[in-house]
Amino acid sequence: MDVILFTLFNGLLYGMLLFMLSSGLTLIFGMMGVLNFAHASFFMLGAYFAYQISKYIGFIPALFIAPLIIAFCGAMVEKYALRRVHKFGHVAELLFTFGLFYIIEELVQMIWGKVPVGYHVPEYLDFTLFSMSGMGYQAYAMFTLVISVAMFVVLFSVLTKTRAGLIIQAALTHPEIVSSLGHNVPRVFMLVFGLGCALAGLAGVLAGNTLGTEPSMALSLGPIVFVVIVVGGLGSLKGALVASILIGVVQTTAISLDYSINNFIEFIGLSVDVESLWRIIIDLTISQVAPILPYLLLVLMLIFRPRGLYGNRDV
Amino acid sequence: MLIKFIKLFLLISTLVFYSMASKADEKIKIAIIEPMSGPLASVGLDLIEGLEFFAERINNAGGVLGGKHIEIVPYDNAMVAEKTIQQLRKVIDEDIRYVTQGVGSNHALNIIKTLGKHNKRNPGKEIMFLNHSAVTTSFTNELCNFYHFRFDANVDMKVAALVSQMTLDPSIKKVYLLNQNYAYGQSFQAAARRLLAERAPQIEIVGDELIVPFGKILDFNPYVSKITSSGADTILTGNWGPDAARLIKATTNSQLKVKFYTIYAGIPAAMNSMGAKVSTFNPIVQVTESHENDSTHPDWLKEIDAEYMEFANKSPYADRQRFMMEMFAAAVEQAGTADPTQVAWELEGMTGRGAHGDVFMRAEDHQMHFDMVLSHISTNVEKTFIYNNEDYGMAYETDGWVDVSDITLPTTCKMKRPKR
Amino acid sequence: MANLFKSFSTWIIIGVIAAILPLIFDSSFALTLLSKMGVLIIFTVAYNMLLGQGGMLSFGHAIYFGLAGYASIHIMNGIGAETLPYFPTVLFPLIGAVVGLFFGCLVGYVSTRRAGTAFAMISLGFGEMVTAMTLIFVLFFNGEDGIQTDRMVGPEPFGITFGPQIEIYYLILFWCVITVALMYIITKTPFGRMSNAVRDNPERAAFIGYSVRRVRWQAFALSSMFAGAAGSLHALNYEHIGFESVSVIQSGAVLFMAFIGGAGHFLGPIVGAIGLTYLDSTLADYTEAWLLYLGLTFSGIVMFAPGGLAGLIVMHGPIARTDKKLLTSLVKPYLLAIGSVVTGLIGLIGIIEMLYFRSLISKGEGEVIIFWTEFNANGITSWLIFIGLILGGVFLSKKTFPMAKESWDHAISVVKTEISHE
Amino acid sequence: MSNALQLKNVSKSFGEAKIIKNLNLDIKKNERHAIIGPNGAGKSTLFHLISGHYKLTSGKIELNNKEINNLEPHEINRKGLARSFQVTNIFPKMSVYENIRCGILWSMGFKYSIIRLVNGDKELNNKTNSLLEEINLKHCAHIPAGLLSYADQRALEIGITIAGGADTLMLDEPTAGMSNSETERAVNLIKQISEKRTLVVVEHDMGVVFDLADRISVLVYGEIIATDTPKNIRENKAVQEAYLGTEDH
């Protein structure tokens, strides 16, 4: 019982990180149809900005300033580049952000160098808050958890309770009606894109110090974001949350399972030749294949439920 | 239209090829193939810089063979295997007879295989591979080759050093093996299992894990919980990069008290990215050929270190580059020619000066042998690590030396040698 | 039929030119580069069957390229170890094609339900999954190390061992001409035409009796098949295959080649493959910022010339056909505009190079060589020069671009009136 | 005379909103049938339902007495139903010639072939040329379709629609946005092509409707309130109230 609770909690911690990372993209994609390949790059920028700012004026100011800068960067990217490409369609937008991904990665290397930078958890949050089954939990991890939950609550209530939120909600299911409402669509798009990027930036501020802030972090985190938004359902914040936690728990549980197919075969009283080619597959333990599970989930989802967990439209 | 394109292409490429054609000169060239772009670029660039420094020292002291200079020619492989092969072909074209490389054993393997074919097919045009850091043991065992020399200890030797040191610490009773699931991690795992059984039967292996490598795992908490429940007091790991840093951070955050015995987890870049608190919460022990804060560090080496600091704004890290270049220069001098075959004969069995006694190139398998130092990261040191003017505020503190006899392992190498 | 003959003769001329290239550039590096170009031309044209002809943007097409490479290497090693019967090396691309076709059919069936960004995302998911698998299923893929082989196996017909690079080059050339010609012919078949139709307007295509999904699936499978053939040749060329070959990086590289060259035109990807392979192998040795330039070029093309380089040229086709003089009238304003852009670019490149230099190397006095000239990255003058060039470029562009646009508009309006008069 | 198209109790809902309500409609073979109704009545939705673009919520649709309501659009097309769209729907990057030729391909049994060449087939190209003549676009055959004038694009779309040789045609507002002379040309074209074919047309221009149609159905808020000859429809009180009287276009 203890073990299960503990695994679930670890999964939750990891899942909320994924949620912070992908909530921005689910908004952007749901509303604008722009699949921002560079989303994880904004996450990376968040971490680097936070590193730079916290070096001079501390972590808490960085927590506010860095996402604001990212929001501005995102808005500028939308205004001066994406808007231009918009007329060529969504694929062109995706292509542009693919190029942007390379540009940001190289710019980061140009400014901060290619080695990881020393972005650390602030001293006042670096203590053990409580322990569970002999494992201590750092106050900072709880701080991150609280912020990510708050982020969900605020976003969710903004989307469901305010006028602006309702327009965005409407746009998520029927992109064509926004313009008919007479709102300034380019402006709304710019703000949404900026907000989405800021959310990724905030995630970067919070996670950069535990994951390590280095130029390759965008590449290693990028694809998992797409898994979350597809599995959750396009444009569904709730879906993104559930999918994130699901992926978090699945990964965490899988790592703790040292069983392979061979164990099962032996358990039911059969055996497979040691020389057999099948050993390649059946000897792998679940914990070893854990990293491909999210992608497997993505593929299965696309085959059996293309609209995702909470989506209104097919992918 | 296509023909026009081709014409244009022909014209441009002719111009570029001509401009690239190197003029014959009296320099002895060593090509270095390392990542100069992509995620591991900083590692490659630092190594190139180090090599350039040691070449310059030799040149300033009058060069070799009566005034010939050594020139380091860098090539970028961007950590892509095919590019390594491609760059190697460029090296062959430009008639450079010495190649050095170290980042990524898979790239070293490509170089060994490609040069093996080249040297067989082009007698008299042989190219020598000076391997400064690629540690896969098989290069000096079944894959050994007359034209390959390794100046770093191999994985087995490094693990042997770690295990020897572990036997001296009676508090180590339960060890957890955690390695990356690729060639290097697997050979680390195999060596650790074998050597622990041979040399430290009192230590129990309570966990043995292979993880997916190269930063694919973001969350190490589940592993930490596995380690916690196994009751391990020591983690023996070959992990490097984010796979090491995230593991160490996760143990620190969970307040898990263990000792880390590693090869690359405590390299300077990792030290900086983890920060002082994480780096010193648990002892992170690594094995190297020397380090600046060791009390036995000889004076002449201190002078070279100071020179390097002046040259590169960095604390010295890979002393093996120094003795590699010194021994290479000495071998050329002794051979009286820059021909790789003659130089190889001289390098076999050669001794050089090391930080802790002599270093020795074993003739049997072309594997360098030397005493190795074990140290852990500490903030309480005389000289802290400096990188590009940034002071990391910590460096290594010696735990002990392992004598070369303890890490001398038998080889399976059956080398074919050319006629002298 | 005359048309077809004409296109065949074009292919033959190109083939002959390519065949004599190694006589001019006889270094082993040049041969390696030419071989690599050959392989990547096949791969890029195959990729463009999806991107340009079928309108599907894939981030995972290296899967078929790489898996075919792995299969070829395993089979070659099997032949070498005599556990497998002999199979002629010349026909190895067929093995790759079968492997590519198989996986293409499989993955295509799932992913071609939708096009656009959804398709792109699915392809990325598959790409990541297969890349992760190469690291996990170590026994088959051998993880990070990849697999080596010796291509000199079996009998040696006519003394051809495929040991020397030149023989591999001719093998690649042979298959390059055949596959590219085949892919060209496919664009002229009912399927090829419908592939374009589905790209332009899937809704309409469905209402003229074609299953949009079936067309996409077929395009996907065929494209994977040719990519597989390329993957086989790639493996033979390097006698090595590694996980980089299936990774998203490789998929991204082929996307860059196809798009920068021009996805809308059959020749575009060929231009892109030749040009980028060349730059990637040479420019990368001179500048650390090569990837930044690549990213900037790509984004620039997406924003300003979505037809790629070939698109820019083809765009002037109607003008040239209408009146040659009209085309020459464009030269001067174009040169002025290009000149001002180049001025700005030189400044930008200078700044980027100096920034990179400062971030990477801390030694010495700060001399950095940019455009064969020595500059001091720490001195204010060199910064002023380059900033001045950028500002000058921007200033000149503001003057010259409207002129170029005006000339273009004029030329196009002339063309349009010509058309309506017909 | 048998029915070309038969709709039985057809309903369509989007979420809560019921757009088409238990609709019944018979369209006879070789008649010209117009569907009229105010904006938002569900005319386009009805077209989308018949052509397979949308799936039915309930009910049944038969084409030539065979059920088609569970088929994909391309399968319905192959059974002999072709349609045009309210917003011009052509292949803009391909030439006019190619547009028409693509429309013909399936009916001539080319399927998804990768071994036959389109340029080499005499019959295919002759047929394309004669169709181009029929819709008067021969002179601009090799211009990208996207560059044509609006009226020509509409004509091209009609050309693509009839190219496959379907015996039932559905045209969605074929004259919308045209000048008087263009409309006249379009109506003549439609008359010409609908000889010996069944035609279903949605149209706002009453002149066109009364000129063209053999019978007219009036669709108001998802229900057909009347189906009759033009003359009777004009006199129908309910129709006048619901539609003709209040609308002036």
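Order of writing sets the labels: A, B, C and D. Residues in every chain begin at 1.
As a working rule, a contact is a pair of C-beta atoms (placed from the backbone, for glycine too) under 8 Å apart; a residue touches a chain by one contact, two chains touch by 3 or more.
Computed from a prediction, not measured in an experiment: that's the story for all the values here.
**Student:** Measuring between mean CA coordinates, which chain is farthest from chain B?
**Tutor:** It is D.
**Student:** Roughly how many whole angstrom separate the Cα centroids of chain B and chain D?
**Tutor:** 73
**Student:** Rounded to the nearest whole Å, what is the centre-to-centre distance of chain C and chain D, using the mean of the C-alpha atoms as each centre?
**Tutor:** 42
**Student:** Quick one: chain B and chain C, Cα centre-to-centre, how many Å?
**Tutor:** Result: the chain centres lie 35 Å from each other.
**Student:** Would you mind listing the residues of chain C that make contact with two or more other chains?
**Tutor:** In chain C, the residues touching two or more other chains are 132, 136, 291, 360.
**Student:** Name the residues of chain D that each touch 2 or more other chains.
**Tutor:** If we look for residues of chain D contacting two or more partner chains, we find none.
**Student:** So which stretches of chain B touch two or more other chains?
**Tutor:** 41, 45, 181, 212, 214, 216, 388
**Student:** Which chains touch which?
**Tutor:** Listed in label order, the chain pairs in contact are A-B, A-C, B-C, C-D.
**Student:** Quick one: which bits of chain C touch chain D in the complex? Just the residue numbers, please.
**Tutor:** 1, 3-4, 185-186, 188-194, 196-197, 200-201, 203-212, 214-215, 218, 222, 264, 416, 419, 422
**Student:** Quick check on the complex: what are the chain C residues that touch chain A?
**Tutor:** Answer in residue numbers: 55, 57, 59, 110-111, 113-114, 116-118, 120-122, 124-126, 128-129, 132-133, 136-137, 139-140, 248, 252, 255, 259, 289, 291-292, 294-296, 298-299, 302-303, 306, 352, 355-356, 359-360.
**Student:** For chain D, which residues are in contact with chain C within the complex?
**Tutor:** Touching chain C: residues 51, 53, 72-75, 77-78, 82-83, 85, 89-94, 98, 101-103, 105-107, 110-120, 139-140, 143, 147, 160-161, 163-164 of chain D.
**Student:** Can you list the chain B residues touching chain C in their complex?
**Tutor:** Chain B reaches chain C through residues 1-3, 5-6, 9-10, 13-14, 16-17, 20, 36-38, 41, 45, 49, 75-76, 78, 80-82, 85-86, 89-90, 92-93, 104-106, 109-110, 113, 117, 121, 181-184, 186, 212-214, 216, 311-314, 388-389.
**Student:** Which residues of chain A touch chain B once you look at their complex with the stated criterion?
**Tutor:** Chain A reaches chain B through residues 6-7, 10, 13-14, 17, 109, 113-120, 126, 128, 131, 133-138, 140-141, 210-217, 219-221, 224, 248, 251-252, 255-256, 287-288, 290-291.
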